[in-house]
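As structure tokens, here come the structures.
Note that chain A is present in both complexes that follow, paired respectively with chain B and with chain C.
For the complex of A and B:
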């Protein structure tokens, strides 16, 4: 506290306390209660029975659907991680080669502000079978690839990938924007100096852009992974987890268990697993990035 | 700088457009509050009752009865809290978990309302049922689905049965007869498919729609109602030959190509509207779909008939039928007596008002009057006739608990993408799910 505002600890506390309380009440408290609920055999109504960790034992040892949903969730995380470098590349290229780049970035950003229900229905119209006017299948037929046509989101072999593409499309613009603004923030002098030293294009990107947007790479990776772990809305709108749980992810399975099957305790166990996964992922990523810092 | 501003402007414009679009659709499904317009001086204290209901498509009827009641009881205000069915059920469960329901709530019959009764959240309604002969207005048997420990906990507004809806014009187009047996149903489906017409519109994204269809097959193959009850009583199980045969029949229909391509991703209203707009030859669903008839493009071609027999077994006078949504009163409310009085008034006037408003199909009470003269469509009159043919009833989905039904429906959903699963394996999955969720 050299100069400027002198703020005592008490003042700090006064200012932090209200939002801290709200945070504890709305985030921390529900997490704790759902951990408690996860140890109950409870339909959500009436009497609950305490059963210890039985829900978790069933989850990990007997429940095939849980493993499917876990696998799908990790699949989404994996593809999201592949998407990140692509968004960075696009941001670099747009920044360098496109003159009115802000317009382009705004266009990329549109899917983010669209409601997931709209996005889901839109993509359903693309994936539908020809008999229901599916755009993708129509294109395949008109280009002579008739044998490739499929009911993309109803066919177990393609359904989850079809959903992943929608999810990737939806968040694409958001991460491009993040990187784009970060790159814009790099002073031009650095690039000029590099050019004098003979570093241009890719070389400059590698030695200037990458290190200087490092903090954005860190934050966007965490956001992306946690967002992918929580994937829910697109799945619910487009397939509801079907056909026969093939596209179930942890959160959709949690929703179905809690509110359709009325196994509230079991659903809470699933949500506890999800919270833990997010937590572990965040810790691991923070550790990993610390090396680069 | 200018570029940054244009970015902000574009973003803001899109935000605004989508916000407006969201508001626009919100009006249809959002909460509707109806305050009493009456300023009359009342002798008694003002009472506000909340009615928690799903959007039923019958709002004209309930609005009228509520307005009439408020006119007669100036001190009472009925506040309607209407959500779509899924959200309504979630809200009920949330309220129940907190220990208090709204004053008047709409519930479903059987196993679905049992938890509320067991938790002591609902008030018995036997006294208003015996008042003014209200009990005699109901169809026979229908009240039983809401009875627990010999007490009546809800009064039904809807009574639904499952039937085979078909498009007369499309059958004439390919020169086929309406199927009387399941085997004919499979054959005619193949015919329609060859002619490039969708045989049966289903909406298997909602897995219960396949469950409903399968329930009818099972009831026929079983020779009548009672299979699920036998299972619950421990007399039979899902390895039963009749059950296995029913699954085989169900797979036959799927293999015949009777349903939409990619049916497991078809939303409920998409599937329903494909039939209502004349794109599909048949549809198997509950009679509650009559609420959607006013907007059906092909309504004049649509007809209904009994579900066909399977392997020559079953009576067509047996129906998969289910008591539908019902009014119940919270036992924890501040004005329980007033709420009960309202429910009594509501049910007393429900048949009459429904009849006048072209909405009397599939209600749980008797209606007096000539439907034709009132301008009811041919299809609606046919449905009403089906109700008079009921001899025996298999309750739809009301006996197994939510987790078991859901698991069974998902097992069936799998058959739509893989109809070659051995019926015996399906039976095993059914039995396992039943035992795991007992």
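For the complex of A and C:
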């Protein structure tokens, strides 16, 4: 950049202020308000009482559901991180072994453009008990695994995993596409040269593909982890956090506290924890990846 | 086909099936009677296609009203987002100012902030200023949350526009606003299209804010309307399936015609991040 265009302050304001104000008033200001609310004992009606960090103390020391929701949130992050290398492998294989690769990739991608309401409701129907025509249970019966049938999302032992699978299913095609496009951008000559040197297939991938898609690995890891920390819609649509809080994540617990139990202060404390988690995770990952570069 | 190829292509095809079969199953489901759904096999075709499920879902579920609301809210959101974010991106990328760096950083933080953390404060603010339960209460936050990613994509593009274009316009004595609209905006069409697609898809599908800020049935957007239809009609499975199919149809149709643009747009949205 050669210094940029010189403009008057007024012109600068005309271009910058509208977006900046909209953004500050509707994103930043509410977040700060919510930090303030988190120090109140308030039900939305009547007077709010300032109680300092009491909500946070209760959250971390007395609230079992909070720990469940934290555990579930990290469980989702964990499974998402397992999914990433799989999507990379799929992208490599599709690129090398499938002739109509673009078609395959765009079909993999379909779930990501669908609303979480449709995805959640569709999978609810898939997980339904046999008596309500659930697809999964019917498949189990027709393959002779009748003893495995379950009400997947009503059963506390399977509910959270059932939801995690839905989340993984929905984002799968997105990450395959990210890697696929990056791999497509690698010049063929590099693979040719590697072949002459005797490196083919997965060996060539280790030395050529992996380093060259490094920046996408970084981006996708950050997107995946922050996305998993924010996970919310699917939980709300499919279980609302139940049965007995077993599928609660931080966001759903925050929502239930704020809008169902009407504990505005407590809900805001949860919301503050969520924002902090997302920001801290981003900073940590950026630092970690910088070391790799 | 060699054994190796079968071993590689097999799993890829299975993945294809897991990604697409649930949708196909939903389509069958939507054409069955409740009895067929409960007793029949998961792969069986219905005896006869029950188009009545669609008629029922269509008339009882306010489908056209919700669709129209979604179109209105999403289109206004996209238009305002494009206008605001192209202007601010241009300023941040081209104007000489010490403010630009910190402002850009501020926008970048917004990409990481979870949208749901603003739900409660926004609801209270909107109630106070009297716009709760209006479409404005959706459009405002939708625009605000769409701006950061839009700024990131577009300021990256605008930084690379050659300065000669603007300099020659300056010599002609064009005002900076006119230059922006007649020169900068037209050549920025590729990132504008990307932002259009990203903003459209994410806001078209948005559910939580709609469900929190709207209470009038008449104002509901399609995802919210769909979810309420699901929770109100829990026994007529065929009609529920039909409603889900109708709900997903608009984006599937758009995707069918624009899949290349959509995938490359969403790719750009991530990589520029």
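Keep in mind that, in the parts below, the second predicted complex is superposed on the first by the 265 of 293 C-alpha atoms of A that agree within 3 Å, B and C clash if a C-alpha of one lies under 4 Å from a C-alpha of the other, contacts with A are read in each partner's own complex, and residues count from 1 in each chain.
As a working rule, contacts are C-beta pairs under 8 Å (C-beta built on N, C-alpha and C of every residue); 3 or more make two chains touch, one makes a residue touch a chain.
The structure displayed is predicted, hence computed values, not measured ones.
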For this session: Pick one for A:259: touches chain B only (first), chain C only (second), both, or neither.
Result: both
Problem set entry | Chain touching more of chain A, residue-wise (chain B, chain C) | C
For this session: Check whether A:131 is in contact with chain B, with chain C, with both or with neither, and answer first, second, both or neither.
Result: both
Problem set entry | chain B versus chain C as contact partner of A:114, first or second or both or neither | both
Problem set entry | chain B versus chain C as contact partner of A:226, first or second or both or neither | second
For this session: Would you sort A:52 into first (chain B), second (chain C), both or neither based on which partner it touches?
Result: neither
Exercise. Touching A:22, do we find chain B (first), chain C (second), both, or neither?
Worked result: second
For this session: Mind working out whether A:144 is in touch with chain B, chain C, both or neither, as first, second, both or neither?
Result: neither
For this session: Check the residue A:106 against both partner chains and state whether it touches chain B (first), chain C (second), both, or neither.
Result: both
For this session: For A:198, decide between first (touching chain B), second (touching chain C), both and neither.
Result: neither
For this session: Using the superposition on A, tell me which residues of chain A are in contact with chain B and, in the other complex, with chain C.
Result: 44, 105-106, 109-110, 113-115, 118, 131-132, 259, 264
For this session: Using the touch definition up top, name the residues of chain C that touch chain A in the complex.
Result: 5, 8-9, 12, 15-16, 18-20, 22-23, 25-26, 29, 37-42, 84-85, 87-88, 90-92, 94-97, 99, 103, 106-107, 109-110, 112-122, 124-125, 140-141, 143-145, 147-148, 151, 159, 163, 166, 176-177, 180, 201, 204-208, 212, 222-224, 226-227, 230, 237, 240-241, 244, 247-248, 251-252, 255, 259-260, 262-264, 266-267, 270-271, 273
Seminar exercise, completed: chain B contacts chain A in the complex at 3-4, 6-7, 10-11, 14-15, 18, 21-22, 86, 89-90, 93, 96-97, 115-116, 118-119, 121, 198, 204-207, 260-266, 270, 401-403, 406-407, 410-411, 413-414, 416-418, 436
Exercise. Touching chain C in the complex: which residues of chain A?
Worked result: 1-7, 11-12, 14-16, 18-20, 22-31, 33-34, 37, 44, 90, 93-94, 97-98, 104-118, 121-123, 125-126, 131-133, 135, 138-139, 142, 169, 172-174, 177-178, 181, 215-216, 219-220, 222-223, 226, 229-230, 232-233, 236-237, 251, 254-255, 258-259, 264, 267-268, 271-272, 274-275, 278-279, 282
For this session: Note which residues of chain A are touching chain B in the complex, please.
Result: 43-47, 62, 100-103, 105-106, 109-110, 113-115, 118, 124, 127-129, 131-132, 151-156, 238-240, 242-246, 256, 259-264
